[in-house]
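Can you read through this structure? Questions will come right after.
Just so it is clear, A, B and C label the chains in written order, and each chain counts residues from 1 on its own.
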Amino acid sequence: MNNTNIILVLVVLTNLKLLGSSRLGASIRVVAMQGVVLGLLPILAHTNELSVRFAVLAAGTIALKGIVFPWFLFRAVWEAEVTREVEPYVGYVTSLLAGVLILAVSFWMCERLPMPETLASSWLAPVAFFSIFAGLFLIVSRKRAVSQVLGFLVLENGVYAFGVGLAPHTSLLVEAGVLLDVFVAVFVMGITIFHINREFDHIETNRLNTLKD
Amino acid sequence: MILLLFIIPALAGLAAFALRSPAVRRGLLIGTALVHAALTAICWQTTPSPALGGWLALDAAGLLFLSITSGLFLVASFYAAGYLGQQANKHITDAEEGMLFDNAPEAVFIGCLLLFLATMTLVTVSQHFGLLWVAVEATTLASAPLIYFHRHHRSLEATWKYLLVCSVGIALALLACFFLGVAATPPNGEGFPLVLSDLVAKAQQLQTPWLKAACLLFFVGYGTKMGLAPLHTWLPDAHSEAPSVVSALLSGAVLNCAFLGLVRVQQVCVAAGLGAFGRDVWLLLGLVSLVVGAVFIIGQTDYKRLLAYSSVENMGIIALGVGLGSAGAFGAMLHAVNHSLAKAMLFLLSGNILARYQTKNIAQVRGLLSAAPVTGVLWVAGFLAITGTPPFGLFLSKFTILKAAIDGGRTWIVVMFLVAVGVIFIGMTTAFFGMAQGVPDKGASKLANRDRWWQIAPPAVLGLLVLWLGLAIPGPLNNVLRQIAATLGDAP
Amino acid sequence: MKPESFIPLLLALMLSPLLPGVINRTKALFAGRRGPPLLQIYFDLWKLLHKGAVYSRTTTWIFRAGPMLGLAAVLTAAMLVPLGNFPALIAFPADFLLFAGLLGLMRFFTVLAALDTGSSFEGMGASREVFFSALAEPALLVALATLARQAGSYSLSTLLGQVAGGHWLHLGPVLALVMIALMIVLLAENARIPVDDPNTHLELTMIHEVMVLDHGGPDFAFIVYGAALKLWLLAALVVGMVVPATGAPGLDLALVMGGMFAVAVVVGVVESVMARLRLAMVPQLLVGAGALAAAAFLLGLK
């Protein structure tokens, strides 16, 4: 119980840190940490039924989210020679305040849904929602392509936390498929970032504005 | 059998990455499409047995959409083979901005095209919601490189938007899957798997608040992919910048795959007694899409974007149909078939026009009928088909939906539907007839002497099919449509 | 009023100048110097009190009253803060609001006095001080509100003891967040690194120091003593959260005093290993502290 709570608090902290951080390198490390921490979640949330399935899931998650994605994104940042987010649409202080607001909304929402009794922690659902909304917020409020991918990962982490904690009956095949999809998604996005970088000499998505009505 | 449907294109796709000879690769593309279509045809004869413990199975809805996908892919593969032959030279001058760009390697294009087919097949045969999600997301990923075939900044922009908007949308659909999982776990009992038949059978045990939340999230997630306004933002960009053959597949097949996902959700909702709740969402999104489509079609200057917005509009009509209950759902399914055929035909033709006129601007395309008579005639025919003029199939399906609305006494919906369709008709008339008539530039008539067979035959075949569906709905198809519609309306 | 209620006030009055001494010693240790004696602040105060004050002709009575009123405010605040298991002299529900208000009053008088000099330089410091404390105050209040909610009590004297008593076992993460937020507020309110640098005299970087430049003699002694008291009180809040009651008064006292000096050492270590933040980054840090406190509050609801 307590271990799960520590993990969830770490998730909240990493999200807040991301909302208030301008350095891409630090942000990537934070997301990597969040991935590793979440990888431990299935093991700690279901201590009474420690099985091969959860072990495999944890190992896969940690390997992908903690090592492969950060490495890949670091390469993207390194090749693009950018280290900072440039003036985001929403400033960092405002983002932090928005983060707190989002957290409050997440708690409020979870009050309204009947929670299963088997929950590992009463914080699980609100924190998962918080991650999801924070990820969405990062995607719409940041300009760098890498930041947006990070937002996507945070969003995905939230969905993952929810799935691990609340829907333990999902089968390994589906979870493996989800992981694979996310992997390919980040891979394809990373490739696209390389191309954006080569084509435009920048990776600011606000300058991707040719196509509109 | 079901596994073969999926595995053959997947393996062929992987093989295409490795093959060196362009001719063999294109042969592989057409060959795989033929085999896939043949397998699909067999499925109409004998229902294949479920695989993977019921996770993969072919029900009526799956069969319908599998057939659309397979048929379109077959037609498109001929077009693609010809198109790739034409695009083989390395540096190409961009039509709009005059810069040079390269194409993606052909192996990547064909490989992704085949994987795209495999993933779409998986969508149609998935009975498990988790697997369905995996498949839908996979279609996004397999098609992203296709949109970035022309390696220049506009297509890159379109690809990025497509990837990000769809991935985010679909991530929410994953959350919806988990919601569904929670809904399927009774407070004191074992949960049951998220297989469609199980969910429908035990629908009464589902927890309503979670099911409602899941339903809404599914609408956001798959609705994004389906191009329902206001979640359609990626659609015009991706459709206008992708090669025409890819646009045809995106519009004709991918949107339908997402639609199928939502149909599955609605089936569960209906079984759980939440049919009315789901239908309201369908109606709302449908009307918004209709209006957005109409607004952006008026005064549109780019004919590929025009077609893309027309897709938004037609997805709106389909959503409206499902929202009107069983009778409307019949029309909606028919409309999905018709729209796929007609829109794919128009996108393929737009490729011909683009190749000839080197512009996507409506105002700069003049005299299509005299410069390229066959393409021109087909273009006008396609216009008549897509706007729902008799005797084409879309007339029939739109009329069915309208009739369902009138029978249901939904006056406002009828009025909005008619106004939107009328506005769209006017907007498209201006664009299409302006392009078809007039005197062509010298360059346009001289440039390519005549349209090749691969540019003409595929759209012509599609056009004939739409015409056929307008004159008579074949018996087996009618049966399938009825079966689907029955699962979408509340039992009387 | 129990006799042990006087202990926190007396200890604060007597020992608060020790804390800056400990901080300076820690920093000296890190820098490899011997550093000033632990009692240096006492010597400074003694020296200042025996000097006369010089007042600029542009200043008014506000300038003279500022340090005194500031000290009065913080002395009143000292009566509200318990020390470990020893309750405060005055305790009533929601006294933590008064505590925050008194700290604000102290700041208000300091700022007024700074503005009264008419120097643009001091005005700049005053503006920064007000800006940053406006951001730090919500963090402090939300952090205390979180503790109050968890303890189910609204008086500093009881809520701190209850939190320290048993809430750590099942609410560890929440309390840790509150503690981090309080530590950041402590650093900011007391003009320490990473918000302000107490050693710097560079015009563009100072916040607190720049406001009190024109004060001298006994006035400055009041200010220095007031600052030491403020540090002591905020440290007492942090320590009160963790040090449980053992039952034996002697042991309690030893634990609390150990905690106070531990906080001072931590501040010294932070000052030694961290650089001062760019001025533009400070609001981010303070809002971050507020966000932590708010997150703790929300998490604590469940």
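Here are some notes:
FYI, contacts are C-beta pairs under 8 Å (C-beta built on N, C-alpha and C of every residue); 3 or more make two chains touch, one makes a residue touch a chain.
No experiment lies behind these values; they were computed from the predicted model shown.
Comparing the CA-atom centres of all chains against that of chain B, the greatest distance is found for C. Think of the whole protein's Cα atoms as having one middle point; the chain whose own Cα middle lies nearest to it is A. Distance from the chain B centre to the chain C centre is 65 Å, each centre being the mean of its Cα atoms. With centres defined as mean CA coordinates, chain B is found 30 Å away from chain A.
Separation between the centroids of chain A and chain C, computed from CA atoms only, is 37 Å. Of all residues in chain A, none touches two or more other chains. Shown for chain B are the residues that touch two or more other chains, of which there are none. The touching residues of chain B, when paired with chain A in their complex, are 128, 130-131, 133-134, 137-138, 140-141, 144-145, 148, 151-154, 156-161, 163-164, 167-168, 171-172, 174-175, 177-178, 181-182, 184-185, 187-188, 190-191, 193-194, 207, 209-210, 213, 236-237, 240-241, 296, 300, 305.
Against chain C, the residues of chain A that register as touching in their complex are 2, 5-6, 8-9, 12-13, 16, 20, 92-93, 96-97, 99-100, 103-104, 107, 122-123, 126. Considering their complex, residues 112-114, 116-118, 132, 136, 139, 145, 148, 152, 155-156, 158-159, 162-163, 166-167, 169-171, 173-174, 177-178, 180-181, 184-185, 188-189, 192, 195-196, 199-200, 205, 208-211, 213 of chain A touch chain B. Touching chain A in their complex are the following residues of chain C: 170, 172-174, 176-177, 283-284, 287-288, 290-292, 294-295, 298-299, 301-302.
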